[in-house]
Each structure stands twice: as structure tokens, then as C-alpha cells.
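Each of the two complexes below includes chain A, the first together with chain B, the second together with chain C.
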Partner chain A sequence: MRQHRKTALLFLAPFLTVFVAFYLAPVCYAIYLSLFIRRRVGIGPAKEVFGGLANYFRAVQDADFLNGLKNMFMFGVVQVPIMLGLAVALALLLDQSRGLFMKVCRTVFFMPYGIPTAIGALIWGYLYSPNLSPFNQILSALHRGTIDFLSPALVLFSIANIVTWTWTGYNMITLFAALQNIPKELYEAARVDGATQWDIVRSIKIPLLMPTLKLLFIFSVIGTSQLFTEAFVLRPLGYVADNITPNLYLYLTAARDANYSYAGALAVLLALLIFVISGPFLRRIGSQ
Partner chain B sequence: MALKQPPSQTGPGDATVPAGPPGNVIAPAPPPAPREYAGVSPAPGVLRNIVLTAFLLYCLLPATWIIVAMTKDNGQLFSTFGLWFASPPHFLENLAGLVTYQNGIFVRWFGNSLVYALSISLGSTLICAMGGYAFSKYDFPAKGFLFNFILGTIMVPSTALVLPLFLMLNKIGLVNTMWGVILPSLVNPFGLYLMKVFWDSSFPNDLMEAARLEGAGEGQIFWRIGLPLMQTGLVTVALLCFVGAWNNFFLPLIVLSQDSLYPLTLGLNVWNSVSSAAGGKPVYNFIALGSMVSVLPLLIAFIVLGRYWRGGLTAGATKG
Partner chain C sequence: MRHPILHRWSSRVSPSFSRCSRAVLLISAWAGLAALPLNPADAQEAYRQPDYGKFQVESGPITLEVWSWVSGLDKAAQLFEQAYPNIKVHVNNVGGGPGEYQKLQTAIKAGSGGPDVAQIEYDFLPSFIVTDGLADLSKYGANDAKAYFVPWTWAQVSPDGKAVYGIPQDTGPMALLYNKKLFDQYGLAVPTTWDEFAQQAEKLNQASGGKVKLANFFPTHAPWFISLTWADGAELFKTQGDTWVQMLNNPVCETVLAYWDGLVKKKLVSAIPGFTAEFYNAIGSGQIASSVEAAWGPGVLAASLNDKTSGEWRVAPLPQWSKGQPFRSGNWGGSCNAVPKQSKHPKAATLFCVWLNTAKEPVLSNWNSYGIFPASLAGLSSPDLHQPDKNPDKFCGGQNVAEVYAQAAQAVNADFAWAPWFAFVNDNYNKQIDALVGGKMTPKQALDAWQNESMKNAKGDGYEVKTK
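== the complex of A and B ==
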């Protein structure tokens, strides 16, 4: 069996190599970098010097970073429930009957997920853009003025709409699959007991959907915390604040301000936050 | 327990749905055809169809706009109603313009996207198939810990990874090369997980033992006997990798600065930035048509291999 142990290692080697080189090493490097700060010593350009946890202390007081987190929190309590509620409703409706129309719905609802985020966001950007937007063309034809969907007040909602458009169908399909797996005998038994369709939805379907729903919720929250592309793509078209999502702020800190050590600290904090939020959920779901 | 399962063997999502009552096995066969459940409907047919149609239109709205927009020139895009065609149509001019604008760089981007997506999906699938095989068929120290650790990294946000990755790639001279996009994308913890589950279910251990008794080498067993049995798993993972790589935006954005190396997603967004900037030449008509073209390969894959695609996606819920 020792010989097989070596074989196993050979099979594992390619994966482990790229995993260590392009996954673990960058994470460790980010942690290492985050311990340095840029400081001007005497005359001359600023230098990177060891700063301990200084970057982390700065980050937890950084209004821009906190603003991004606040926006993501808003997403978590507003956009995610709306999207998942919609997905549940659609999955229940589609589960009710068969036929071509239902099949078309299922396919089309799911399709936005297959569109590259950068392209989907771009198209929505044009649907929002003051000069191109067909919504505004309709509004001005009706003499109702125009709406700037990309104004600072509305842009977060506009991004939420893109995310909802992209992901509702995906969530719906997963829930629909879970519904299909409920043994039909349960419905028969309930009907024998005099249950109405509503009773079946309320006391059989929804409770049996809960584990899937919890999982989708936590994946949506993780997705929310990583929001970047939509905001980045809309930037040239409107007024997207630099601090609208933590990831955009983090990107600009590194790519525009070239402050890699601070960006590293932000990245580490963000990853930790996601672990803290999703870890207990996943463990609970995993133990079920 | 498993959070996700490949749906081709079992139903997608059923990992999280309690199994049916044990009585299932001996219960009389269910009615042959699925039928509509009669009784008091929570949503009457008409209301249901209105809701579904409304959502259908919402899903199709961007597609409608893009199909209309790709037949217009830049002037018409601004001066005519966005959701209906204008005359004269400019589709052919747009197409000619798209493939020749800036010395035909769009064609180059399309080719780049193909190179990235194909090499990443082939490489990653093979690496994951081998790794998943090791986890499924062999015992080695710290196996369980290693597997859970690799899976846990799915939660690390991509930004946390890509920025330090850029600095590392910069040191080893891979920034602004195709390898800088391809090599990091080969890492696919979720693909490894899927592969392990597929190996568990598609390649019985007895078969492996039998092959060993026949004197087959370990490598032979993997390549000659195992892989041919894994068609569903291989196609599913390869497809997921292809779609993920085709859609990738963040990594190329960070790693590439030379526009001849861009994939489509990045190239079209650069055109958008230039078009929207003061003094930039607006090429929204090209962007619209280009967006449509960039989605086509995915649409084709979706139609031809939809079974695998939907299966693989519902099996896991993290975004690539």
C-alpha cells in the first residue's frame, strides 16, 4: 500500500502545485504585505516599513471601507431577500404545472446567469444611461421628465437590479430542482387528509425548501461581499462612488493608488469577515 | 456531508433535501405521467401566467435592447426609440466595422477568449480529474483535512487573491502575458470537489481491484479504464471551467495591460470607457454587436450541452 500512497501523490501533484503557487502563496503574501506601511523617512520617496497591525487599525476606522461594508449590509438585508423571495415564488409557480410555456420560462429565467457579468452589466448600463435609456425615452415621450438611474442616489439600486436579474433564475432553478425531489406521495397523503394546495405549499413545500434556501442565502451573501464587476463596469457611464463596494475600493487602493500593503489588509479583513459570517451557517448545514 | 452533488446521478440540490420515506421502495408505482394537481390552486392559471410572463419580459429586456441596438448606427442609438428598430438598418455596416475597427482587434479578442477558455477548461479539468481521483480512490495521510481545507478556500474573495497574485506574477515576469491569465485560473477547488464526487459514483472500486488483479498499472487504470467512464463528469467540469474562463473579467483586468492580449469581456469594456470619455470616439454600435457576438458561444454551449450545464451549476452555488 505504500506504493499506492506514492501513486496518490503523483495524481495529486498537478493540482497541489497550482493550488499552492497561485492560491495559497498569494494569500500568504497578502497577509505578509498587510503588515507593512508606507512611511517617509527623512528626505526622499516614501518607503515600505514594518507597521505591525497599523493597516488593520486604519482599515476599521476607514470611512470609505466602512461605507462599502454598509452598502453590502444593505444588499444583504434588501436585495438578497427580494431575489430569493422572487426565486421561491417562481419555483413554486413552475412546479405547479407542466407544458411548453413552463419549459420556456425555466430556460429563459436561467439564461441571464450564462451572460458574462461584464457584458450583462454593460448592457444594463446602456439601459440606464441618460442618453440611451429606453425607459427615459418613454418617460420623456409622456412628458414625465427623466430619471438618472446612475445618479449617486439611485446607482446602488441599479446595481441591485443587475444582480437580481443575473441571479434570480439561477436560484430559481436550484429551488425548482429541490421541489422536484420532494416525493409526490407526500402530496397525495396530504390531499387524502383534506389539505388544499395552499396547505401543501405552506406545510410541505416551503419547509422542505428551507435547507436549500439557507444554502442559497449564504452563497448570495458571499457573492454580495465580492461585488465588483457591476460597479466597475458602470463607472464610466455614471456616478459610481469609489467606495460603493469594499471590493471596488480595494481595487482602486491597489491599482490606482498603488498602496498594495493597505489593499492587502483590506482583502484579509474582507475574507475574515466572510468566514465569520458564513462559517457557522455552512457548518450547521454541513452537519445536517 | 456533501453540500453539493452532481445532479446527473441524483437530482440536483437533493443533497439538501431530506430523502423520501423509507416506504418508497415498496410503495406502489406513482402515476406514470406527471399531472397537474387539481384542487384549490394557490395561484389561478391566469394570475400565474401574468407573473411568469412579466418575469420573462424582464429577463429578455436586455437581449431585446441589444438585438435592436446592433442594427443601428451611433446616431440612431441616441435618436430613435431603444426597443424598436430604426430604418435604414445598419447591421451589415456594424458587422464590417466591428471586425475592422482598430485593425480588427475585436477578432483578436475573440480568439484570445477562445484560447483562454479552451486551455483553462482542458487544463483545469485534467488537473481536477487527477486530483479528484486521488481523493476518491486512494488513502493518504491528512486526506480528510486536506480536502476540507481546499474546499474551504472557495470562500476567499477573489480580490483578496488577485491583487497579491499580481505582485507575485510581476516578480516572475508573467504580468502582461497569456500565462498570467491561464495559470492562476487552473486552480479550481470546486472542480476538484465535483470530480471527486463523480469518481465516487462513476468508477466502482471493485472494477479498479479487478483491473489490478489483471495486472494493469495504476496509470493505465486511470487513463484507460477510469477516464472513459467519466464522460458526464468530465464534460460538466470542462463546461463549467469554459464558462467561468470565458466570463472572467477581474483577473485579466489586473494582469493584462496590452490590449492585444485582452479577452472579449475586457476589450468591450475598454471600448465602453473610451466611448464614454470626453473626446472619445463613440462606438456603442460596435459594443452592442460585440456583446451579442461574445455571448453566442455560450448560447451555443447552452443549447448543445444544456443538460450538463444546468446540472453542474445547480450542483454548486459559488460563482466562478
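== the complex of A and C ==
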């Protein structure tokens, strides 16, 4: 028994080392930092003093942070279903087709996922710029006026568009793989029973996709909570609010305002929130 | 470009010699210099620079890690390596402005991973001073260099007049950069007052059918706006005893913002974020006829436009609020070279910073490669800044650009300070201006919101701040 445990530890060691060094330790450090506040006397350097939960009380009353959370929820409610809906539709279509067409489509849809997020966002930044944007050039050629994709009213949708463009292909591939795993006998049996293609989709494919879909949903929700790069890359191109996503807000609190303690508290609260949201889902998937 | 005598002199004063022999060499170098038969060009060579031999450096081979977004700084660094073969300089461009600051803040908090020398703009310097992460260079003899700089720049790096947190590199006094070809084409006169500026904007709008704007209002660059209020005598931050004072919504700011807002609303000027492809495209394709630019502006534009429209531009003094007033200008940007406390070679870093910003060769090299307008007195007034066949003068049709900006530099109000929370103020400006340009706020409301939200942030971070 003891021998077994040793062997297990040996095999786990590489993972555990990295996990502790780059995951657990920073989390603990962030929690530790979040308990300090800054005291300033006069105009000299600040002193970090123990402040208990002061940063947490400040965070739950911080209108900017709460607004960022609201944006995050809006984003999750609107963008995630659209993206997953598209991914399911594309996966089902691909599953129907055969040969070269399928292979080409599969690669093309998956390609955006292979492009680094920052570079994708930069390219979209050009496509969104008020006068250089090809969309706007077409619109002005048609005398339809231009759209300011980076205006505060639209920028969240512009970001949602980038995220959908990046991730739909990834989700599609995962769903497509799940579809390929469905035994062909089920379809044959259904056809013998007189089922149409639509019946097969509705009664066999979609129900059997559900576990994968739930998992992708969880990943997407977690991804939504971590939204950062797209907003960060678009910022120099115009006005993008500090608190457009909670992650950007806490990054700026840390890196721009050098308020690491408060940023630590924000990060811990955000992590707890995601845990509370995704925990029950994960448990249900695990039990299935 | 490289001056033969200076080069010979500087390469002889190398730290590889012992201090004693270096001093001997120094004397003989000066003696040799005096004994040389000087031609007339060398005779006017009275370029004042500190005695670098006074700066002691750490022993052994040294590599200085330098963070800077100034392109072409590597050329100046190579000159330094030639003069001081024991010191290697590695210039690393980790991103302009905020990109570098965020990495530097993180390195200072972490206690390691930072550079030996960092480029920091004056407006952001206080936010690094309060982290206690910057070395006080007065310990390494930096105050000996004080007399070699424009006084207001030294006040920026040494707020209390004792500790020195950086060596001034450049300044950004403001002037009007205009496209002479477009001005001639539309029969515009170069404005000397803001009233005339508005009239010319109106005239250009009619003449071009609204296609060409007279200038651009930068909606996401607070320091640009601030420089124009600075030119009109505004003070935004100061300290009163042990308390900070912040006055972002003062009457001068309101006058300046209302003026530009009026031009934007009448569509006489564009409002495109600066340093974007959008802006460079507009200015490079003749959609914008002039721009209120700092001294480094023409150089940056020449580089960013890849010499497109080169030779079409000229620089004129900044328009004034009234005709009879004494000439005034403001300042946008400009930066210093600071040494983080975590540097292992603060002495060598100090020498590098002082040398980089006072010695003739690097000062001229930086002006010609990136339009870095010197903060050093000798650099500022050096006739050698005028190189008609090199940028930024070439970009301006061979005009002596430095002369116009040197005049502006002398008209900058010295009493102007920044606050440690300026990074927040800087970003918050974008929010209020977006609402202003979008017609959701009046200039007064935008400035009040700017003042109040910045105040709230500063207080939340523990600062004692007053409004008056």
C-alpha cells in the first residue's frame, strides 16, 4: 500500500510541482495581499497595514466592479447561447456531409481558434475602426452612415463578436467529435423504424450531445468570466471602459493603480462567484 | 553626425582605466583638445557637459538593462558602450507608456525583474516615487548634473529639491505643426491666436466642402489637453503642506475644453484617437491640415508616416489666447530615465542616464532618430540640432524645427506638478471626453465628473486630497 502511494506521488510530482508553484501559491499570495490596506500620512510613500476584510467590504460596494459583473452576466446570457447554438448547427451540418467539403469546412471553421487572441483582437480592431473599417466603407459607399463599433453602446457586442468568431469553431469540433462517436447502428435502427433525418437529429443526436454541450457550456461560462484580452487590445483604439469586464478592472487596479491588495480582493471575489455558478453544474455532469 | 573630436575624447575616457589614470587622461585629453588647431566650426563648439569622470561605477563587467520605447535609443547606447567598454547596455522596448509602466509597477512590487534604467514620463513619475521603488540618484552624484538641464525639468525629477528620481531626457513644449501644401492650396493663414485658428478652421471647412479638418482634437490623450491648459496658466495638482490638491475642473480647463468642444461639434476639427492607424491615415492622406504637437511630434509623425507627406510640413509657434500677451506654451510628455532601487548597478545606471542626456552625441542621435527634444540646456540650444536633410527638419521642408520648439520651451510655466494617481486621471479623461463628444455632457459637466471620479479614486487609495 505504502509502495503504491509512493509510486503515485512520483507520477503526480511533475503536475503537483507546477500546480503548487504556479497555481496554489499565487492564489494564497493573492488572498494574503488582499488583507492589507494602504495608510498614507502626508505625501510620502504608503505603508501597507493589516486591514482585515476592508478590501472586501469596499469591493462589494464598488459600483464600477458591480457594473463589470453586470456586463459579464449580460455577455454570458447573450453570447454563450448564440455561440453554442451556432456550434451545434455547424456540427450537425458537418456530420451530414462527407468528403472534401467536410474536411475543408472543418479546418476553416476551426482556424480562428489557432490565431492568438491578441492578434485576432488586433485584426478586429482594424475592422472596427470608424473610417478604415471595410464595413463602414461599404456603408458609406451606400450612403448609410457609419457605425462606431467601439462606442460604449456597441463595444460589448463587438467584443462578443470576436469571442464568437474565435470559439465557435473550437466548440463545433468538440461537438462534431461527439457526434462521430455515436454508434451508426442507432441511425440504422431509427431508419428501419421510419424516422426522418430531422427525427434522428431531434431524438438521437441532440440528446446524445447533451453531456458534451453541458461541459462546453461550463467552459464558456468560465471563459466569459475571464474576458480580458479583447477589451485590453481594443483600448488604445478609442474609449473602452475600465470596468467593461471584471478582469480588466482588476488588472488595471493592480498594474495601473499599483493597488495590488484591492485587486487581490477583487480577484478572490470573482473566483468565488465563478465557483458558486459553475460548481453545481460540474457536480451534475460528474454524476452523469 | 558623430563629432570627431568629441568621439576621440569620449572613447579615451573609458572606465576600464583606473580612476587615477583616467583623471590623467582626462586632463591630457582636454589639453590635447585645446592644443588642436580648431577650424571655425569647432571654435563655436562650447557644448557644456558634466565631467563624467566624477561618476564612479561598480567594478567588473556590467550589463545595464534599459527599458525604453524610444526607437533609435540603441544607437545612443552603442555610443555609450564605445565610450565605456566595461558596460554593456541592453535596450529593451517593452511597450510605450502604459505598457511599460504596468510591467514596471509589477516588477517593483515583486522586488525583482525590473530594469536598471526605465523611461518614465514626468506625469507618471510621482506614481513611481510613492511606491518607494525608485533609487534616489543624488546618492550617486546626480545633483552635479542639475545645472545642465532646463530648470523646470529638474523640478519634475526632484520634487523636494534634494532627492533625484530620474535624469531628464526630453521635453514636449507645444507648437503648431501645419501642412504648408494644404495651407497654400486652401489659402489659409498661419494662425497666431486661437480666434484666428477658429476662423481658419471655418474657412478651410467651406473651401474643402468639409473634407479637410484644420486639426485633430485628441479624445484619449489627457496630457495633450493638459498641455494646452498648462499654456494658459492652469495648475492641476499641487501639494499644500502634507495634503494634495487636485483642480481638474478649474476655469482655465473649462475655457480650453469648451473651445475645442465647439470646434468638434461644428465638425471643424476631427476627434480621432492619437497614435492609431486611423489618425495616421487621416493625416497622411491630407484630411487633417495641422496638429497641435509637442516637440517630439514632428519626429514621431515622420517615422509613423514612413516619410509620406515629408517636406510638406512646417512648425509655427502655438496660437495664443490674446494678441498682446507674453508668449506662452505648455508641455506634453517628455520623460526622464529613472533607476529602480532593485538595480544591482545604480552607479553605472546613473552615469548612463547622465551621459545619455547631456553628452552631445547621444542627445543629437536621439533627436535625429526619434525627435527626442533635449532637456539639456546645451542640447536645446545646440545649432547642431538643425540638420535640414534629416528628420524631423527634413519632414518640415528643411525648417529649423528645434528653434521654434526651443522658443516654446522657454515659455513653459515651471510651476506644474503631477499627482501619484495620474494614471487613473489619465484614463478617466477618456471616459468623460467620450460622453462630451457624444453630446451627453457639457464641457463643465465633463470636467466636474473628471475631477470627482479622480478624487474618489485617490481618496479610496488613501490619499488626502483637497479641491483648493
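Assume the second predicted complex is superposed on the first by the 263 of 288 C-alpha atoms of A that agree within 3 Å, B and C clash if a C-alpha of one lies under 4 Å from a C-alpha of the other, contacts with A are read in each partner's own complex, and residues count from 1 in each chain.
Here is the rule we use: a residue touches a chain if its C-beta (ideal position, glycine included) is under 8 Å from a C-beta of that chain, and two chains touch if they have at least 3 such contacts.
In this text the structure is predicted, and so the values were computed from the model without any measurement.
Under the clash rule set out above, the superposition-derived model of chain A with chain B and chain C contains a clash between the two partners. When the shared chain is aligned, chain B and chain C each come close enough to touch A:Y260. Legend: residue contacts after superposition of the two complexes on their common chain; A:S151 is shown touching chain C, with no touch to chain B.
In the superposed model, A:P280 lies in contact with neither chain B nor chain C.
In the superposition on chain A, A:I43 makes contact with chain C only, not with chain B. Annotation for chain A, partner touching more residues between chain B and chain C: B. Contact with both chain B and chain C is seen for A:L237 once the two complexes are overlaid on the shared chain. Using the contact criterion defined above for the overlaid structures, shared-chain residue A:L132 touches chain B and also reaches chain C.
With chain A used to align the two structures, chain C clashes with chain B at 276-284, while the other stretches in 114-122, 222-230 or 276-284 stay clear. Comparing which residues of chain A touch chain B with which touch chain C, the overlap comprises 126, 131-132, 236-237, 254-255, 260. Touching chain B in their complex are the following residues of chain A: 1, 4-5, 7-9, 11-12, 14-16, 18-19, 21-23, 25-27, 29-30, 33, 86, 89-90, 92-94, 96-98, 101-102, 104-105, 107-120, 122-127, 131-134, 137, 165, 168-170, 173-175, 177-178, 180-187, 191, 196-198, 200-201, 208, 211-212, 215-216, 219, 222-223, 225-226, 228-229, 232-233, 236-237, 247, 250-251, 254-255, 260, 263-264, 267-268, 270-271, 274-275, 278, 282, 285-288.
Within the complex formed with chain A, the chain C residues making contact are 98, 101-103, 105-106, 108-109, 127, 129-132, 219-220, 239, 242-244, 272-273, 275-278, 281-282, 421, 423-424, 427-428, 430-431, 433-434, 438, 457, 460-464.
For chain B in complex with chain A, the residues that touch the partner chain are 1, 3, 7, 11-14, 16-18, 20-21, 23-24, 27, 30, 34, 36-37, 39-43, 48-49, 51-52, 55-56, 58-62, 65-66, 69, 77-78, 81-83, 126-128, 130-131, 133-135, 137-140, 150, 153, 155-168, 183-184, 186-187, 189, 192, 218, 222, 243, 246-247, 249-250, 253-254, 264-266, 268-269, 272-273, 276-277, 284, 287-288, 291, 294-295, 298-299, 302, 306, 309-310, 313-314, 317-319.
Across the complex, chain A meets chain C through its residues 37-46, 58, 126, 129-132, 151-152, 236-239, 241-242, 252, 254-260.
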